[in-house]
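There are two complexes below, and they share chain A, which is joined by chain B in the first and by chain C in the second.
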Partner chain A sequence: MSAVKTISQYPTEYEKFSDALPGQLVSWLRLLRQDAAQHFSAHGFPSLREEEWRYTNVSAIEKKLFSPVATSEIGAVDMDSLKQHLIADAWSVVLVDGHYSASLSNLDGIPESVTVMNMASAVEQRADLLEKYFSQVVDSKEHGFVAFNTAWFSDGLFIHVPAKQVLAKPIQILHIVTQAGFMANTRDIIVLEESAEAKVIETYVGCDDAYCSAAVMEIALEQNADLTLYKLQMEGEKAYHFGGTYVKQARDSRFTHHNFAFGGLLARNDTHTDLGHASACDLNGLYLGVKRQHIDNHTRINHLQPHAISHELYKGVLNQRAKGVFQGRVLVAEQAQKTDSMMNNRNLLLSDDAEADTKPQLEIYADDVKCAHGVTVGQLDEQSVFYLQSRCVDKQTARNMLTFAFANEMVGKIKLPELHDRVLAQLLQRFPQAGIQQDWL
Partner chain B sequence: MLSIENLHVSVGDKPILKGLNLQINAGEVHAIMGPNGAGKSTLSHVLSGKSGYTVTAGTVIYQGKDLLDLEPDERAREGVFLAFQYPVEVPGVSNIYLMKAALNAIRKHKGLPEVDAMDFLTLVKDKVKLLEMDEKFLYRSVNEGFSGGEKKRNEILQAAILEPSLCILDETDSGLDIDALKVVAAGVNSLRADDRAFLMITHYQRMLDYIKPDIVHVLANGKIVKSGGPELALELEAKGYHWVEEQAA
Partner chain C sequence: MSTSAQEIDSYIGQKYKDGFVTDVEVDTFPPGLDEQVIAKLSAIKGEPEFMLEYRLKAFRHWQTMTEPNWAQLNIEPIDYQSISYYSAPKKDSDKPQSLDEIDPELLETYKKLGIPLDEQERLAGVAVDAVFDSVSVATTFKGKLKDAGVIFCPISEALQEYPDLVKQYLGTVVPSGDNFFAALNAAVFTDGSFVYIPKGVRCPMELSTYFRINAANTGQFERTLIIADEDSHVSYLEGCTAPMRDENQLHAAVVELVVMDNAEIKYSTVQNWYPGDENGVGGIYNFVTKRAECRGANSKVSWTQVETGSAITWKYPSCVLLGDNSVGEFYSVAVTNNYQQADTGTKMIHIGKNTRSTIISKGISAGRSQNTYRGLVKVAKNATNARNYTQCDSLLVGDKCGAHTFPYVEVKQPSAQVEHEATTSKISEDQLFFCQQRGISAEDAVSMIVNGFCKSVFKELPMEFAVEAQALLGISLEGSVG
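Showing the complex of A and B:
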């Protein structure tokens, strides 16, 4: 007589709060949540046995049993402490411990036709519209984190931009976790209707103690829509982070992603996009790991229709005992002729104990395509160090210049000046030997 | 200015330089010629401090200092300049920035104030004209995407700005067409001065038609086997290196 093995202790803990979850009166959502909860109960968080998780062990999240945050337990945050993270020239939405804060958010002057509403309200007030998109871009059974998120998300953001509307300013979503031991579990949906354009910034920050943030974002880009999404993952150094960005691109749409993963003890990001006819995606990533950080980036680009273009460049700088993982998969379906795809992953190891695991995967079923991929894992080029030394630059500064130049290529792609300067400051702060001469900037 | 005595250098276990002697005085232009594999580039690398070489015997005294004791950047600040045979691309570091940083490091070392940004720009633009370069190269990353000829011009541009005491040109002429060679040579000639010495390493006599050396040396099998005036270069051009190597043997 063997006992039934409990795969995860999370469902019991989280079901206690399920009555308080938003959207429980909306039948399609209730069913979706139940289905996802069942799936999670049966499978738990992803394990190393799953191919797409083989380099990233998330068992610590299971062991730590991060609690859900009831609305009565939301931490107090004052505006002054948020200023350092907020872009001045942007509309802002702040989520504290996974719950929307109206008083900290600022949407003044946003066009009335544009919906920017917290998810807890949207699932009730815009349920019909949401049903078209919810769990449509990513299957709730994609893996344990998506199932978990679907079953028990507490809040998030819904952005809907109507056809031809071009947003004059970016929308910044600031996620902050204020308390140790908690999990912020949020769900965002962004919909850009035909020829709409928007820029969205996601920022993740939190306290110095262990917590977890799990955020799933679904993005639907209709014909000829254009989204630039910046993700600044700057979690606290003991934090666990899971972020999933799932995109569906209709004909001629464009998606540009700038994914900066600087924080967290264990961080995983998924970026998946399905490319329609002649659509384009540009995926840029930079991960910086120090100490014992583990940063995993997983991307999947599905060329489903002809003439689409995908460009991807992920760079990693790993120091001390940090580990970086890159798994990049490009699929070109049989009918996706004239696909133009380029994927690159470059890793710079600054210490003997740092590690990079990189795994590009190309699956091509069409015969008239242009696909290229490349990966490198290396140390600083000693020839370059010597060249700079021969031009009077001391060795340590030469190494710093080259490391900085390597990473700065990705920061240089940021087109919003204020954001650029913020990320640059973050980069320099986390830069090895940040104290020494940096006048080459 | 530079005094090399009985220099022995190995790479791993393999001896490359085997007792090289060379005396260079201020104002002189020396050319070192020799067949491939003779140790010409090893000499330039050892003088500029590149790692990977072991000095097993001998001394190198530069302006009264033990040159081999100094780090590559210290040598550069002391006025030793190496124009690379294969200039290195440094993505993300702008050409003009590197030149300004280098010049200021040298000035600081000499106890001079940093150069004013406007004065520096005037100076650089002046030298850019001398080397018939496009100003846009100043703002590009160091050597990134430059053609072979542009890279070599860029090396001489740096020399013109840094005004070194000892300028080592490592096969600066290789891979240049005749027009580019003339421009580079004019740049070098404009730098000739009583307080500056040149060590030109070359495989081809052609360069010496445009930069007239005072003394020509033949380096073979790790040693200088023959020295003479500019006429020696012509003799080598006509007869090849074989006869010198035989004479030395």
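Showing the complex of A and C:
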């Protein structure tokens, strides 16, 4: 909220594109966008002075002034290059430079009752349904990125699964940015009606130059709904990434999140969930930082009703000059008795210049609760390294094996075999030799 | 638990035991603060020139600052101009030379507080530097300490007798512009304690000071400075009680500890300021800046605190571990009840190599109180093999109170090992049931459990303080949990 922040170059740059944005004819959306744009103009992107952003400096995004992508500028992507990112046994939706690509997407055989539609079409064809959920899970004034996203999102995906519908295959959303200087600004909404069940995979990839992708996802889970969300953030190494996943859980619903943050120069992820009566959430995260990467994971779990359960485990491996940030907050409201909450954050520092900042928080207003959190920051156990060396494994390999084992716990939680193997391959690529099977060990 | 409602009721019924007002004529400044007030204050105290400059510099800086608002506290706005910044017992120009000369009413006050000023208590082996409002009234055991070379005196006296020593260290740990309340304190502090332990000396007795806010509407701003030179050791006790008053009283203290090579300071506090009544009216606002600097190798600082009083507690005793192999410890029990609010914790800044720190924090909240642990563990880049272990547990008594944990961990050194654990729960019903099933009443059982919960902190307190702390916990929780 400092005075300097009130001057952001983005509003003037983006106002020019406003008319081309989807939903300008839908009055409630237009108002929302205007309101958010005003808020953003006044506050800009978050500054280090804001408590939730004290470890993550995003001023570079302001300086670089990433440009919005007009439909005419969308880069060409061929199917073959996407193959390596797409899961074969899944419905897929591809967003190129923040715009839906019908030709690259594949929704064959999806049940007719299920709506999977890009946001630009949805705001016109399903405006009434959308209004019920849009900006309801997260306030567009939450912080600069959400306001920015609300004001100028170019497209996204709307998924609506009707009551008691169980999706046989996962839906994969692939975000790809093709050119330097682009800003892919997308908004996704996922709604699972009563007792519906779905699995969604978000994948973020992009070119090797500096670009920015800002995605906000709102998820509404109705009674007894069940969503498993996988997020694979594998942005290019000069990319800036902001991903916000905001969830509202009704009674007895379940939300499982697997968040893998591997890419990006500066990556920030927000995962917030509001827990209803006897609902459950399971948040898993793994962040691997190398070179000068800065990876920030921010989670907030609001226990608003009794009997809800939350489990959270985030692990980080930081090498070279990487910086890892974890901020987790668990709030237990006064009426949320019988809450069971467990939060854990484990960090492994592998080099002299790596840094880990972690801030787990408990805010508890109810008395009959079981809440705990734990944090560790440390290095590899020298005795374990020594043990492996005594078994003729060289030091570097031994370290790789142990680091791999540390990280693999999170990969092991992936329930989709194909996805599991893909992420495992990613991990092995980073820690060569770590997967060797030697029977004499 | 079935008994909780009735426990809370009886809890609320507890009256503040130490609430009484001593009728002593006081020489008090009219309310208000400006540079003239500070100059007058400095003149009354007969301070050297550098002190006045120091105060004015702090005051000018303070005017540019705003109150911190990041804590989990709900504070009524404080009007700093409505506070009187000096109050002294009338006879300050003619300081008493022996106990006989002291106002009998004062002695009575101390008796009620159990301060060992007379002969009989002298045998207890505790030297007491009692601060009644702002001026030190009596100091005992001076001779014995002098033989050992230890300087233990009011800081106003130290400013006159050892100005160079004070000048050398004052404000080096907590700079005058460190934070809003520290700046205010630097500008207007009236008195406090000064301790210097020379090289190689082990202080022959535990040092103790009792502070007491008496006159209405007077802020109390103490300044404590303790220097432990090489190879020395000192254990310092601080305890507070305050009489019952309706106005919110401001208390902004600064404590600075300097620890040289191989030296050790153990600083223990029992804080029992008036917490306000059962409706949250009145009570002390306690904003304290405490910091220790382990400047030497192998130095050690240990903070132990039992916080049961004050309407608002804002206090973060910290350790800056500069010297290699230095050790910082923080043990805390914070009890809040009714509408009390506490935001307390510690900072451990690891700078030297092989530095170690331990944090054990126990928070108990009851009634409608809010109890927050806020801590920072920071490992700088060159602090190889730094080690920290943090444990903060919260116990909730009643369903209208809150317990919060806000730890910050910042590590820039891969060989550091940092662990943090926190739990929050209410008293285990299984444990209660087990005790009751063995014929122990619910009340006794709760008392046992709470005492067990705090044991790891109480055992760090010096003997006589541990007794007082347990008694305090008893008073605070009697009828509810003990």
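The working rule: the second predicted complex is superposed on the first by the 423 of 441 C-alpha atoms of A that agree within 3 Å, B and C clash if a C-alpha of one lies under 4 Å from a C-alpha of the other, contacts with A are read in each partner's own complex, and residues count from 1 in each chain.
Basically, contacts are C-beta pairs under 8 Å (C-beta built on N, C-alpha and C of every residue); 3 or more make two chains touch, one makes a residue touch a chain.
Keep in mind that what you see is a predicted model, and the values were worked out from it rather than measured.
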Touching partner for A:200 - first (chain B), second (chain C), both, neither: neither
Which superposed partner A:317 touches (first chain B, second chain C, both, neither): neither
Touched partner set for A:369, first chain B, second chain C, both or neither: second
Touched partner set for A:87, first chain B, second chain C, both or neither: neither
Which of chain B and chain C A:354 touches, first, second, both or neither: second
When both partners are placed on the shared chain, which of chain B and chain C touches more of chain A: C
Partner chain(s) touched by A:250 [first = chain B, second = chain C, both, neither]: neither
Contacts of A:377 with chain B and chain C, given as first, second, both or neither: second
Of all residues in chain C, those that touch chain A in their complex: 70, 72, 379, 381, 394, 396-426
Chain A contact footprint on chain B (complex, rising order): 48-51, 71-73, 75-77, 81-82, 84, 87-93, 97-99, 101-102, 105-106, 141-142, 158, 162
In the complex, chain A residues that touch chain C: 51, 334, 337, 347, 349-379
Chain A to chain B touching residues, read off their complex: 381-384, 386-395, 398, 401-402, 404-406, 408-409, 439-440
